[in-house]
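The chains carry the letters A, B and C, assigned in the order they are written, with residues numbered from 1 in each.
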């Protein structure tokens, strides 16, 4: 791919006797929204963890925007994640003791932003996700959909190059799922953020530009990929 | 369902008599609606005419019409193309896809791949609908949603079939 | 629930062994202390019973108006007994003088042979001093050492006590002597109540950190088992069954800890017996409760452990999985400060009552102790509120990510975060009170040369006409005596002081001596002045007519100031004198005061608090680890998002530091306030001063232990948030 933001080749990863990834090559273009599908236990989460530099693959390389993650130390990868990568999970990722605003401001503060600036940015992103009036609430007092939107605001607030989302709408009903997903993708597309999205749900995958299917630790549907 | 490729598929592992063919068809695909002899011979005639099969000589033994048919290279080509062509999401899809899967398994072809092809095609449809939906007025969105759910139901069935391929293969070869 | 499933739930947990080891260790330390305290408490009366023979219970001698006494003639069924305090090299020696007729029927205690005049028995501690001191400094005072007093006649091994055989006439002339048919066996228990109350408070103070530790450790257990238990709950185990499991586990651990503690009490006893309580060290047996009490203690602590764990588990029941969304604590309000206010009011009020109306002081003392307990309790109640107030203010200004996370946690969970440090905070409060009170007493404990006061080199002995000349002669002969001064009783019986030569007056330290041949000097005030009243002014000598025709009242030896010379002078004056009162110097006057007992209490308090602080630090370590495990998912997510481990450690450290800092300062301040109230209302003009080094050691020590306790959790923080060990979906 000419303008690949993420480029992985020959990824292998085992957990003890379980081979979770058995040789994966994958390029993701800048600004692309990629859906990762596949049966349970096929290695989707492991794949994005390797792509995001959370896990170090046993073999193979991952390059994001010219940086070879596999050659970085754990600390350097943590730094890289902080600056360049956002995460959204299925649920329970917000800090229950912090308000929505502080939750969103947190990664900015970790990156060294001043409190005032971080809070202003947080409010901006909460506003973009339609949560302007919820900023002071704590996650325990929010609906699942609102909490997911806070998580998305947090992932996007640092203006990362890529957002990895693992079943971001997996625990929501159809309509909330759709609103949340649309909010996320709209915000991501506006800022040309690349999104890698794990989903079991075809309607979610249909929002992506392209999908890959992981089966037994390999990408299948090569025809679809080549298309 | 398209009967022609189904029959073609049933014939393609070895030369077959018409009677035998009907029998096997009823066993695998008919599900309570046996194939009429008239329809069988009409289809065979069409295949002969298009050069998808040829007569391989009659067994002289008992009974009149004991002709054996054999699939030509052209026939095989036709079959392969059919297997690899994704169906549009229509009500006929299930039966077609079912026939394709079973035939692929019988012929030791890559059934997973044909499911993937179908999945990709469906997703492409869904993607098109999804982007159309983004711009559509609310009422139209409802209609699109309905279509999306229909396709999604197909996809789920495809996923499930994919997950059960191993079991189905066993049943076909030993059942 | 079957035993098998219980085992599966309890022991299969990762870290269960370490957690249980923690509780066993903590309980063992505390129970060891508790056993020793309990033994001391129970045997306190025995100590005084053993020294009952020293107590004067008989009839006083008849005293005529002019101060002379009339004693009965010696008989075989009576004895004369008198006692006094002697000083030697700054140490107090209790001297009991007994006079019996030669063929007496009076039984000496514990089968001791009756003494004839000039013989004496000494306690081992005194015998030891006699061995090490020249006779003319000490032993000559009593005569011939004929045996040692058995342990059964002593409070403790270091008790300095002698039983002297005296001539009948000598004791008969002592106005304090009594006629008794024999030695007393019951004794009097004046100070025992105070000591027992203090020991009881000490034991309770020891239980507080144990209860905190158990509650915190069961919380850790709950954190480690949460998911498992949630599943058990889903399968259908009741809330009680789950709480029962927790109680079972903690009961077993506390029982093991208690048994270990009883064993640990043996060596601890040896150390504790060297501490001075009520003026003497203890025999190990005095610190050992009976087996029944030991068993009762083990059972009690075990039940306490199980009950605390049961309640802890029952109250924050996990519920079935999915149902447990983390709830914030119920909001703490400013009302929590009221207990503290009530305690402070009661405390100040009762201290004031005790000071102003001596009649009510006994009742006031009980209220005083109770309000002290209320205050301690009030600190623990008010702590969460203060924690919340400080941390929400902190949260608004916090700029670092770790500070924001910690402030969020603190603001929403002030109870549990404060509970981790509550033990330390309470201990610091008590230490501060003691340190504050002790510091004020300490101000008068070290005498120094002061203008107008008796020079520290002077030994003063009371004299009368019959003995004065011999005393003067004996003092002159003593090595190191530079001058011997005689003070005469003035003609006017109401005048305070003695008449002496003006030169002599200067020699013993008097200032502003008028230009007269003879002056009247208040030697009593010069000797005791500042040890009874810090604000005492040096007495001013007045001109007098002269010493002609007056009776001697005191003989003073001015020595070269060396301890040996002072003791020689003292011994010489004593032997030549009437033996009813010991010759005294100003150093002795200070040594025998209230300071000793307060210092003794301070030592006990510091030791008790050191242990309480140790257990509290252990509790803090456990609580910090529990909090880290409870939030491993949150922390794991933060690490995933790129937070360095160092910042996570910062979160954990801040969560301990903020409640500790905000409440520690407050409780130390409150402690000093309480000490100040005590000192100004009860202290008869004592001055409140800065505490001594031990206090700062205790403070720095608890801070260091707290830091260590938090640092101990860092490993868990890192391991439990390792990305490989946490899965995110």
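Following the convention adopted for this analysis, a contact is a pair of C-beta atoms (placed from the backbone, for glycine too) under 8 Å apart; a residue touches a chain by one contact, two chains touch by 3 or more.
All of these numbers come straight from a predicted model, not from anything done at the bench.
The minimal number of chain-to-chain contact steps leading from subunit B to subunit C is 2. Counting C-beta pairs in contact, the pair that comes out ahead of the other among A-B and A-C is A-C.
Taking the mean Cα position of each chain as its centre, B sits at the greatest distance from subunit C.
The distance from the centre of subunit B to the centre of subunit C, each centre being the mean of the chain's C-alpha atoms, comes to 95 Å. Each chain gets one centre point, the mean of its Cα atoms, and the points for subunit A and subunit B are 39 Å apart. Put simply, the C-alpha centre of subunit A and that of subunit C have 63 angstrom between them. Put simply, subunit B touches subunit A in their complex at residues 112-113, 116-117, 119-120, 122-123, 126-127, 129-130, 134, 148-149, 151-152, 155-156, 159, 163.
Considering their complex, residues 45, 49, 54-55, 75, 78-83, 85, 87, 89-90, 92-93, 95-99, 102, 105-107, 109-110, 114-115, 138, 140, 166-167 of subunit A touch subunit C.
On subunit C, the positions that touch subunit A within their shared complex are 325-328, 397-401, 404-405, 408-409, 411-413, 633-634, 637-644, 647, 723-724, 727-729. Residues of subunit A touching subunit B in their complex: 39, 182, 202-203, 205-208, 211, 213, 220-221, 223-224, 227.
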